[in-house]
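What follows is a pair of complexes built around subunit A, which joins subunit B in one and subunit C in the other.
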Partner chain A sequence: MRFWQKYPAVGLASARSNLAYLGEVTSRVIFLGIILYIFLRLWKVTFTQAAAQQLGGFTLEQMLWYLAVTESIMLSAPRVAQLVDEDVRTGALSVQLIRPMSYPLYRLWTTLGERLVRFLVNSAVAAAVVCLLVGPIKWSLPGLLIFVLSLPLAFALDFLGNFLVGLGAFWLEDTTGLLLIYSRVTMIMGGMLIPLELLPDAIRTAFQTLPFASMVYGPAKLFVHPDVPTLLDILARQSVAVLVFALVIAAVYRLAMRRVFANGG
Partner chain B sequence: MELAVELEGLRKTFTVTRGKGLSRTRTEVVAVDGVSFTVPSGQSVALIGPNGAGKSTTIKMLTGILNPTSGEARVLGLVPWKQRSRLAYHLGAVFGQRSQLWYHLPPGDTFDLLARIYELDRADYARRRDMLIERFGLGAFLNTQVRKLSLGQRMRAEIAASLLHKPSVLFLDEPTIGLDVVARQELRDLIRQWNREEGLTVFLTSHDAGDIESVARRVIVVNHGRVVLDDKVSTVRRRYLGSKVLSVKFHERPATVELAGVSVVKTSDYALKLEVDTRIAPIELVINKVLEAGAVADITIEDPPLEEIIAHIYAAGAAGSAAEEVRTA
Partner chain C sequence: MKRISSYLALAASYFQLNLKAQLEYRGAFLSQALAMFLNNIAWVAFWGLFFHRFPVLRGWTMHDFITLWAVVAAGFGLAHSVFGNALLLPSLIARGQLDAWLLYPRAALPHLLLGRMSATACGDAAFGYLVYLAVVKPDLQHFLLFTAFTVSAAMAFVGFSVLTGSLSFYLGNAEALSEQWRFAMITFSTYPATLFEGTVKLLLYTLIPAAFVGYLPVEALRSLSAADAALAVTGSAAILVLGACVFHLGLTRYESGNLMEMRG
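Now for the complex of A and B:
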């Protein structure tokens, strides 16, 4: 039992440690405000041009709230890949490997702790900005619960993707390129800017099948249109993706551990 | 005698890739070349050598981080690279240049977290933590964020953190790097006390001769992946020096001291500093000669600093390797 208590304790320490970075939020608040204002203007023009009350099942207000959630998710992502890359390159990995715990699980929980703090701050700011721009969304406690339930696996899945990119440091000189591809794919295929409903059917189906939609689009859609069947569908997709990513990481990590070099000190 | 660490023919090679594209070549580099030694429980050992000598690779194999290419090792009866997780509960480590404390949290919070990581019983942990806080003088800054601590305070907290789970073997990698003279000595004293009181086996790697002299009783010198010397620190001093430094103050201007095996390091009107090769000139003979030279006010006899011995051993090792390469060619 004690073995499993250590990881949530790591997550808690990470969350508390990240409270020290609250000053950094100021810049993100400004960024979030600007982004949401620009999208409000763009979507206003789009809705007017289309002479529609709804696009893809979203009203203008819902569209802005959808964006508030996707932006909060994306901007709360910790620098997992860079941290793993640094650990490998500087040899700091050895400090972690000498302890009685799994390095991937240690990184997972530090990431979840950090992400929790960042996401709460981001979503509070985004909610305030959107409230100012278009007013509050109709919400209910069960609806909020449905949304919250979709988040843990979404964050875990994003962690796994990033961790996999970070492990690339064992083979590559620089993982920045891989990370750039991963983050752009998550933004586009994850539905950060446009809900997948607005895409052509073939593309929408393809994107929905991929794991990126379960990280961003899924939770944001549930926030605007909470319903249990959609939640179950998203949880099922997330679970399968987590399982597949975890298996791939286990295999890659095993190979990577054979390539640990004794760099300095 | 119970052994804490056993190594037998431990060897580690790495493949280094050079060049790009089609001109890429792969070379095998030997980092550790058949190292063998044993360390009894409770001994404090300094593993030293120039950069790239293979110290860090050896330590990483002993902690289970690296798999050796060949050879065997046991730490506390466990094979490190096969039983790393089990072994980790009994090992402590302090890396002078890498912190295990959370930068934005007070040391006390990291201690609580480490208690979870090492699965310590809450009551045992509380007792151990309180004792370490008192002995390491951490009380005044236990609740201050690590980023606001001085380096000396941080290192004291680092070492206390590494002792929380009562490890049997402690690896110290450059523990005093960057510390001022007072903080350095404080830390060495604490490590030495702990080694004596808890029977902790200490494995020290350092480039600081003071660390080696204060903390370790035995020194293992590694160069080019091989053990070039393994002996007591005191014996190394005697054997490798064969020399003493004599500082003499006179009441009057002294006569010249001329003797085979004695060289004058420094001289002034009423003082002399001599380096004596005791293999050529026995120390009694030199003292007699000094007493004849003038009325002596004060006299001190010292060993030369350990740095000189280490430099001498490294130089001898390098010369040996060069000679071997010539013979091989």
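Now for the complex of A and C:
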């Protein structure tokens, strides 16, 4: 099998496998509904107190849709770091290494397949909840396409961050702490809870230059305010971040492989 | 009185034993506790950014939100660093792993709950007290009241975990349901009840009793209100009693998993 057939096939198998557990995935979205309801109340009160129609260029409806997208992105993240950690700790990695495929690329494609299913389910639930709470916002097919185009690299970037955390298992006793910190950094600096426009100028500039904004804020902003120049800017930022992360992972992975000792049996 | 002091001594012994067990994997324990501490700091940072833009939210300031996070985190931390098995109750029941605890002369529920310590809960507890002391800088009266509320919040969290976990006696494996319900409780407890209206506000005092662990203690600390304080403590105690009743009723339906287990 060639490269461009092999890995997409892995991704497709992963997506299919997750579709088999759709009921289980759906049952876990109650949390998403609760979060969106709380955000609705928080921002409704904030808009009322500020006596404003718009805050940072967002109406209340747009704010809720923005948060629905950020939550759908964040809650769709598969357990990459934990899986890599388990592979390293249990020795399952040695089995993965003898397969005729690259371990990082295998994990990337299984993650993308799983994430696609999770994201679609989360988005459907979030859209239903937000429609119920504040109604729909104006959207168009080109706008939706712009949003969709910003997602693959955002997901790939998040995978790379998680994979790097998982590789920490080669040196650390436990990576759950590191993962928690990574997810919180993504949450705050990625603009999951508050659009970056509402932050003080210096902080906004700093957060926008970091890769986390390209994972969460960028796609969510494009959903609410789709435009081609912003898409190109986000794609450029995502590409640079993916390249940097990939180089770092390549270096760390090479070091990690020197620590693998496999005994036959 | 003798019985209470005996159980307090048991709790102290278990706490020491569990801490020693955690410290066997010192790196893992410290990293998990530190990560939870930093996780809470991240939330406070979010509220810092929010309040920088909108300084007052229905009469609540950044100061009040920090107090809210401190009391909820310290309460949760205290609850599960001492009674860590409360979080695992649904799976222990569903897998029929209560046998070992039922054989001891001690009452099953408190003994079972004391059997484990959650490492992340230690980070929560440290965060709550440190942030309250360092950021809010309370006087002695407020600090004593705060400490009392963390104990009452801990009672509510333990009671709620027992209540939701005991559903496994009735529904089979209620792990997912219990987890979602607990998430709802934790999430709602970190927002002031003044944000909500109507039925949802009623839920915060009944089905998801988050108001007793976060909102009411903060209101009591803000205005030194005896009524709010009494309501917070009474509500928390009621959750604990209800949880214990549901557990003991459910225990009559318990089926052993016939598992062989070693306990050190």
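Observations
In this section, the second predicted complex is superposed on the first by the 258 of 265 C-alpha atoms of A that agree within 3 Å, B and C clash if a C-alpha of one lies under 4 Å from a C-alpha of the other, contacts with A are read in each partner's own complex, and residues count from 1 in each chain.
We adopt the following convention: a contact is a pair of C-beta atoms (placed from the backbone, for glycine too) under 8 Å apart; a residue touches a chain by one contact, two chains touch by 3 or more.
As the structure is a prediction and not an experimental result, all values here were calculated from the model.
Room for both subunit B and subunit C is found when the two structures are superposed via subunit A, with no clash between them. By the touch criterion defined above, A:Ala9 reaches subunit B but does not reach subunit C. In the superposition on chain A, A:Leu243 contacts neither subunit B nor subunit C.
Once chain A of one complex is fitted onto chain A of the other, the partner contacts of A:Pro100 are limited to subunit B, with no touch recorded for subunit C. When the shared chain is aligned, no partner comes close enough to touch A:Val228: not subunit B, not subunit C. Contacts of A:Ala52 after superposition on the shared chain: neither subunit B nor subunit C is touched. When the shared chain is aligned, no partner comes close enough to touch A:Leu144: not subunit B, not subunit C. Think of it this way: put the two complexes on top of each other by chain A, and the tightest Cα contact between subunit B and subunit C is 9 Å.
The residues of subunit A shared by its contacts with subunit B and with subunit C come to none at all. Across the complex, subunit A is touched by residues 25, 27-28, 31-32, 34-36, 38-39, 42-43, 45-46, 49-50, 52-54, 56-58, 176, 180, 183-184, 187-188, 191, 195-196, 200 of subunit C.
Across the complex, subunit C is touched by residues 27-28, 30-31, 34-35, 37-38, 41-42, 45-46, 49-50, 172-174, 176-181, 184-185, 187-188, 193-194, 198-200, 203 of subunit A. Within the complex, the subunit A residues that touch subunit B are 2-3, 5-6, 9-10, 13, 16-18, 20-21, 91-92, 94-95, 97-101, 258, 260-262, 264-265. Chain contact summary for the complex, subunit B toward subunit A: residues 12, 14, 31, 56-57, 60, 63-67, 84-85, 88-89, 91, 93, 95, 97-98, 100, 102-105, 109-110, 112-113, 116-119, 145, 171, 173-174.
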